[in-house]
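What follows is a set of notes on a single structure, which appears directly below.
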Amino acid sequence: MADETPFDDDDHFKDECGVFGVFARAEAAAIVTLGLHALQHRGQEAAGIVAFDGEQFFIERHIGLVGDNFTKKAVIDRLKGNRAIGHVRYSTTGGSGLRNVQPLFAELADGGFAIAHNGNITNAMTAQRALQHQGAIFSSTSDTETLLHLVAMSKEKDFTARFVDALRKLEGAYSLVCLTSKKMIGVRDPLGIRPLVLGDLDGAYVLASETCALDIIGARFVRDVKPGEMVIVTDAGLESSFPLEPQPSRFCIFEYVYFARPDSSVEGRNVYEIRREIGRELAREAPVDADMVVPVPDSGVPAAIGFAQGANLPFELGIIRNHYVGRTFIAPGDAIRHMGVKLKHNANKRMIEGKRVVLVDDSIVRGTTSQKIVQMVRDAGAREVHMRIASPPTRASCFYGVDTPHTSKLLASRMEVAEMANFLRVDSLGFLSIDGLHRAVDGAPRDNEKPRYCDACFTKDYPTRLTDRDGADTVRKLSIVANNG
Amino acid sequence: MADETPFDDDDHFKDECGVFGVFARAEAAAIVTLGLHALQHRGQEAAGIVAFDGEQFFIERHIGLVGDNFTKKAVIDRLKGNRAIGHVRYSTTGGSGLRNVQPLFAELADGGFAIAHNGNITNAMTAQRALQHQGAIFSSTSDTETLLHLVAMSKEKDFTARFVDALRKLEGAYSLVCLTSKKMIGVRDPLGIRPLVLGDLDGAYVLASETCALDIIGARFVRDVKPGEMVIVTDAGLESSFPLEPQPSRFCIFEYVYFARPDSSVEGRNVYEIRREIGRELAREAPVDADMVVPVPDSGVPAAIGFAQGANLPFELGIIRNHYVGRTFIAPGDAIRHMGVKLKHNANKRMIEGKRVVLVDDSIVRGTTSQKIVQMVRDAGAREVHMRIASPPTRASCFYGVDTPHTSKLLASRMEVAEMANFLRVDSLGFLSIDGLHRAVDGAPRDNEKPRYCDACFTKDYPTRLTDRDGADTVRKLSIVANNG
Amino acid sequence: MADETPFDDDDHFKDECGVFGVFARAEAAAIVTLGLHALQHRGQEAAGIVAFDGEQFFIERHIGLVGDNFTKKAVIDRLKGNRAIGHVRYSTTGGSGLRNVQPLFAELADGGFAIAHNGNITNAMTAQRALQHQGAIFSSTSDTETLLHLVAMSKEKDFTARFVDALRKLEGAYSLVCLTSKKMIGVRDPLGIRPLVLGDLDGAYVLASETCALDIIGARFVRDVKPGEMVIVTDAGLESSFPLEPQPSRFCIFEYVYFARPDSSVEGRNVYEIRREIGRELAREAPVDADMVVPVPDSGVPAAIGFAQGANLPFELGIIRNHYVGRTFIAPGDAIRHMGVKLKHNANKRMIEGKRVVLVDDSIVRGTTSQKIVQMVRDAGAREVHMRIASPPTRASCFYGVDTPHTSKLLASRMEVAEMANFLRVDSLGFLSIDGLHRAVDGAPRDNEKPRYCDACFTKDYPTRLTDRDGADTVRKLSIVANNG
Amino acid sequence: MADETPFDDDDHFKDECGVFGVFARAEAAAIVTLGLHALQHRGQEAAGIVAFDGEQFFIERHIGLVGDNFTKKAVIDRLKGNRAIGHVRYSTTGGSGLRNVQPLFAELADGGFAIAHNGNITNAMTAQRALQHQGAIFSSTSDTETLLHLVAMSKEKDFTARFVDALRKLEGAYSLVCLTSKKMIGVRDPLGIRPLVLGDLDGAYVLASETCALDIIGARFVRDVKPGEMVIVTDAGLESSFPLEPQPSRFCIFEYVYFARPDSSVEGRNVYEIRREIGRELAREAPVDADMVVPVPDSGVPAAIGFAQGANLPFELGIIRNHYVGRTFIAPGDAIRHMGVKLKHNANKRMIEGKRVVLVDDSIVRGTTSQKIVQMVRDAGAREVHMRIASPPTRASCFYGVDTPHTSKLLASRMEVAEMANFLRVDSLGFLSIDGLHRAVDGAPRDNEKPRYCDACFTKDYPTRLTDRDGADTVRKLSIVANNG
């Protein structure tokens, strides 16, 4: 209902997925549950696990948190076997509810095939239409299902060949963890846009989106799966190959800015340390004379610590976050809905009163939440409010598995920095430069000839084709609205 | 859990489905809800409706009674449009829950296609394996999905041609109601094993499994859809054709014995009157000297009325049925579980004490319930207990959409009538003869050369091939056990 | 919501409760579950059980059917001990949900006390106000709670004396089953308005509203508890006393007409036989020339059998009842709501067409359902429709535990018989006379000096004072509307 | 079930309640919802609201978070009126589920009376037994219900006199917010053990446990309600009185250490600033040579910031908390259960490796969680681990509304500091001294003659009688175990 819009003041790009798998390990599904729990920040709306016990596949897919659904003994007991893969997802858009929750599963001619996908196939709709003309029946609106049908329809002889044949038809970003009756497969797209790491749990291979999911189960980090690499785990061990044309890596730089958990490490570097370094770089690029550095909790904390260290200012909790706000908190009452942001954040008046405050946040998307936070800090009596953002202005949508508002909703696509400062009613506003960001992450400014990362949301420099977007049929209306249960 | 086996003393063959559709009528989904409610005796475990509003299809499928799920305003409001079809089903076997609930829906290359099916395709598994080798991905274990894929994979040019092409590959029993963006289609298999009738609701065409579903909405009965006939309803009206090779009709005679509702009429004859006639025939064939005729409620009532009229004995309610027993009533406590049948039936002691009682029931499947009822009537003090069954002994499984126990569980496949009488501890036991049954239904004994009905459950004379059963691969273990929600 | 009024075409007085108890028997709560299941016709909206294991009382109270709530192993396992009492209730009016579901329980100074009540205390509100001024805090709107507080506040010395002291302050109708840490107590009010029977289950005493609840567990019927009698069951056996001033019995005659189950016996007479006798009496009093006798199912069946026997006319199932209609069936869609009665009943057209039909029902309350049924039978083509009612016109409300509409809603309080016939559009209408009813039940016409039964709903001759109704404060508005859970 | 013990590594004392009320303000219940949301840290297991619209009281009580239950439009719409009070509670111990959820409500002789209570009555059981002998029937196991009955049973003439009469019979800690048909009442016990503040929302009076609940609705902080003070808000305004014998204040010092939200202010001092000061004091008392200060998130953060400032060491997020762990997270699988603490916390390996780390936490209760965290930090490669606790050792149970383990479970009651250091496997362990704590909070060491705070959990110096504990009957077993729903 119109008056029950869920409260969501979390003005961030949302990563859409996390993936995890373990092969040949007792209590595999329970291990996957823990891995998914550690990856919950990558997708908190739904989760699924597929396990295989040598004879049958068992699948459980539920809307809600991992901890609310997969810690029940009955659920875990149903997920028999010593091989399992899992998936968490951010959104269940498309009105199709559980049908889009992963892992997806298909009974192919040569057996069961389950797939968990982080990323987005940028030619999925185009491929789907071709497949439908060949007689494929789609049961979800997920781009991932396109891959299932490409495998099923492939004329290649054995399963692996059909799988590679299908991958070669895909464009976009994908880190995949798949399970068949014989194999667990991990793949990263040729540009390595989304992360995928390999771990070792007492001899059992583990695949995960981030290292924090290895830590939770005490698995040893082995290495990142490489861009374009396919690793196949069987009873005989792990086999690596590069079936896709190799290209220079373009890892998503926003994983460092916001998506990844601070305790994860990517490409050998710790995310927290990079964020702190981003804060220090920001203090160098956009210094300010003030009394204290206050993070917008929780995502602004690491950069704020770095900023405080770089600027030699005290780091203080001037804003308190109420952790009891879930995504579904709805402010009751019409008049009351306008109180807005305080459901989640409260300024600590006594701390802030009369002070010159530097607010540090990781990014600005629409800007509405930032505007309310600034107002709240002003209402609490701050003498000056300076905002520092630990990334460049976000100007463009992501097509690689991140939920971004339409470009026209992005504050930075509508305003210059000075206008934004005015809109946010801050005494000063500073963003990190794109070179500063690359420097903090990689030690060197952006190489515009050969950029080392995908930073398209800041630069509009998309590293792949965007076939669906550029095709005539991009906006195909779904013809079915389903409600099962 | 082992100790929570649902109580089920309903020892009957179970019909598996009812279908219904209406075209070009306001509040179509609400009309379908009423039709399904009237067909609930054909399937009470799950129900589904697909509606189409000219642009989109809307589907709702729920486990549970029609009255519990489809009478909510929110549900009906979501089912927009003036065309809708629906389905009730008896069982959701296969562990796959909602995925097998119908109508099924597929997005084909030329648009949406929904299907509701009563019957069973006897070569579905065989066809499924061939389709999988062509790249089809099945998302349910339903034989009906095979039809969807046959349509999708057909090389014929237009939709109707593809649909007929697919039908021609099917064996078995099917009464189908389908919906596309342009058409509502009704089809009966060439033998007309399952019923399907055509009605008219103030000018809008209606398709339904039985006439009682026309009565509930005040629709006029037009005629039975004929065996092998396909009727296509569009905005231009109704078109009839016979795309399938015509064969002599073999309507299921058990529909008269038990499945159909007594107030329905099939092939121009009223089911209640036939059942009463069956009772009279039974009184002629197996007379008995007694004080009263007592039906096993509720299914034995019409035949008992006929028997009492034929035998000129008083008809009395000597057994009372507790209508609060659902299929899920579980007798609590270990010791108590053995009290068994009284959860549902109680003998009226004061009525029965010292009397010679004729118990009349419609059929015997396993015989365990009958045994308990006889014991209950004896415990209530009956001097003699005579059992009369309003059909021949059921000796064989049905492969045409009826849930029957394995042949080895059928009492009549294990014992002769004398042994059965002994097993049931009755003073006498009489079944209607197969000729008597045909006589009551049709006025003449069975024509063994050209039987007018499918009576395979009594005679083992199956009117179609049983490809899956006879093939080597019939018992294919499903490789996926899913739990979504 | 206004447009989701639950469908209820069941135009009957509703009995409000059934009670049951068992003492010193293993699996006591499971036994009570079965007893309540057999009494479900006396109240189907909520049920509760209190068990005692020698140390603690365990209580479970749930809205919904016994079979849906009390057959779960976990529920029964929580109800430990070898003594238990239970209650089913018809309505949970008062908006207070579970708080009015019985048994009620109170921790008194000398221990726990649970009570299950069938009937209605006619001075409960008056007594409640007095108790509140003494400091009693009521936690429900139930008249039964008044009894709890009267016991708690009594100045008598021991528990039994306090209990009797409380009973003496009550007016109205009550059959009670109570449980303390030492005793199970059964009491009937001095007029014995509501039934209560004593049974024996392999040496364990059982109390139940009706004998059908003894039958389900195989208990032997011992005798009716007598009007004004209190039976106390302890480890030492059963003790009977008559602490309340004895009065001539006034058992509710409507129990014979409709409330009690046909297989129960009351005061040594079988209910089904009485109803059949009522039908025969009705055939004598109001004969009609017709082709068939058709019961309004299910409640009209026994009287219709008697009528058919008395009138020597064929008994036929001309109306079929759909048992899948629960009380919550809501006809979907605005236009559709007017189709009304067919959700539950359908006339069997082929049977009825061109025939002169006698419809037999047990009673008429508002008359709206009867009107629709007559119309349905006419629409099915009946040539003549004669209605015969197996009781006198119901003209007055019941204050003894039966849910009756306000007098102004009763058809018989607004119209003479001729008007009613016109309203119902029948060719003739006949009610049983009050003398006929007494004759069928008791062998003699009503003794107007000393009536043997409470027949106030027909005669307005109430056998007790109606203190709350006659007091100024009867209609006290509740000050609390609660919603817990 | 034994193997589904909820995961709870939150080794803290748990505050049991928060209270809130607003008088004469539109959308009162929605305002209370927001207030309770801000107080959720004081009790997250259940919440309730009572509203009054001038005629009726409306009550909603639900288990679960405020945001999950009270933000639904239907719930808020049922809570009509411009006066409302609410309550959040930590535990629902006693197996009695919703019956203990507050506000409690009683229909007294002179009208409705609702009460929300933070604290604990230390003579409740003793008073309850006396009341039961007078005829009171208790419907919950809550100490708060004792107050209801004391008011109901009081012989004083008007309501306020009866309420004060009842208060005078209470011992222990209580901050109460009550609602009658005329008044909202706030009371603090004579020692002022629990907090209660008065606010002003555009002219409407507000009562709340903490100032953060005023901030969320934009209410102005007026003042703390004083120890022993009763404020009565009516349409005529606010009236203050001191009906209870005045005593020197003994506010709970643990509110500063852990319970209160850092952005609240109590007695004019900001909680975050006090915690940071505690950290600085701790750095003075227990300095350590190390590379970084790492808080145990989230509760150790303010003291860690203070410690880092005091010790001039870098403050770093060396431990990351997973906010998706609710209280019900159950580690799946037997083997896996031993992985324990990582479900909630993960050490940031790359940060910590080879470093000397000072861990700062607010308190230690059982010590098991601290032990696991230390091990986790060691496993991450820390060279040295020093633990600093921002309070003295907790040696004694609280009887004033805080859920504390039995004394024998408290680490500090079983071990000296050196033993604890050994048990925790830290290189050094330091607690703040009791004088240091008083100094940080109040600027001066503890005045042992006239302590300014209740610090009994550290000192065993209880400021009130503990009648129930000291009486013979303290441990009275409940005689009823109920399950309604």
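When the chains are written out, they are named A, B, C and D in that same order, and each has its own residue count from 1.
The definition used in the following text is that a residue touches a chain if its C-beta (ideal position, glycine included) is under 8 Å from a C-beta of that chain, and two chains touch if they have at least 3 such contacts.
Quantities reported herein were computed from a predicted structural model and do not represent experimental measurements.
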Given chain C and chain D, the chains that contact each of them: none
Joint neighbours of chain D and chain A, given as chain labels: none
Whole-Å gap separating chain A and chain B, where each centre is the average of the chain's CA atoms: 50
Between chain C and chain A, distance of the C-alpha-averaged centres to the nearest whole Å: 61
Centre distance in Å when chain B and chain C are each reduced to the mean of their C-alpha atoms: 36
Residue numbers of chain C (touch at least two other chains): 75
Each pair of chains that touches, named by its two labels: A-B, A-D, B-C, C-D
Contacting residues of chain C [partner chain D, same complex]: 55-62, 75, 78, 98, 101, 105-109, 111-112, 129, 132-139, 148-149, 152-154, 181, 477-485
Interfacial residue positions of chain B with respect to chain C in the complex: 1, 3-4, 7, 26-27, 29-31, 33-34, 37-38, 40-41, 44, 65-68, 70-73, 75-76, 212, 215-218, 261-263, 265, 270, 272-273, 298, 301-302, 305, 309, 314-317, 320, 322-326, 328-336, 339, 342-343, 346-351
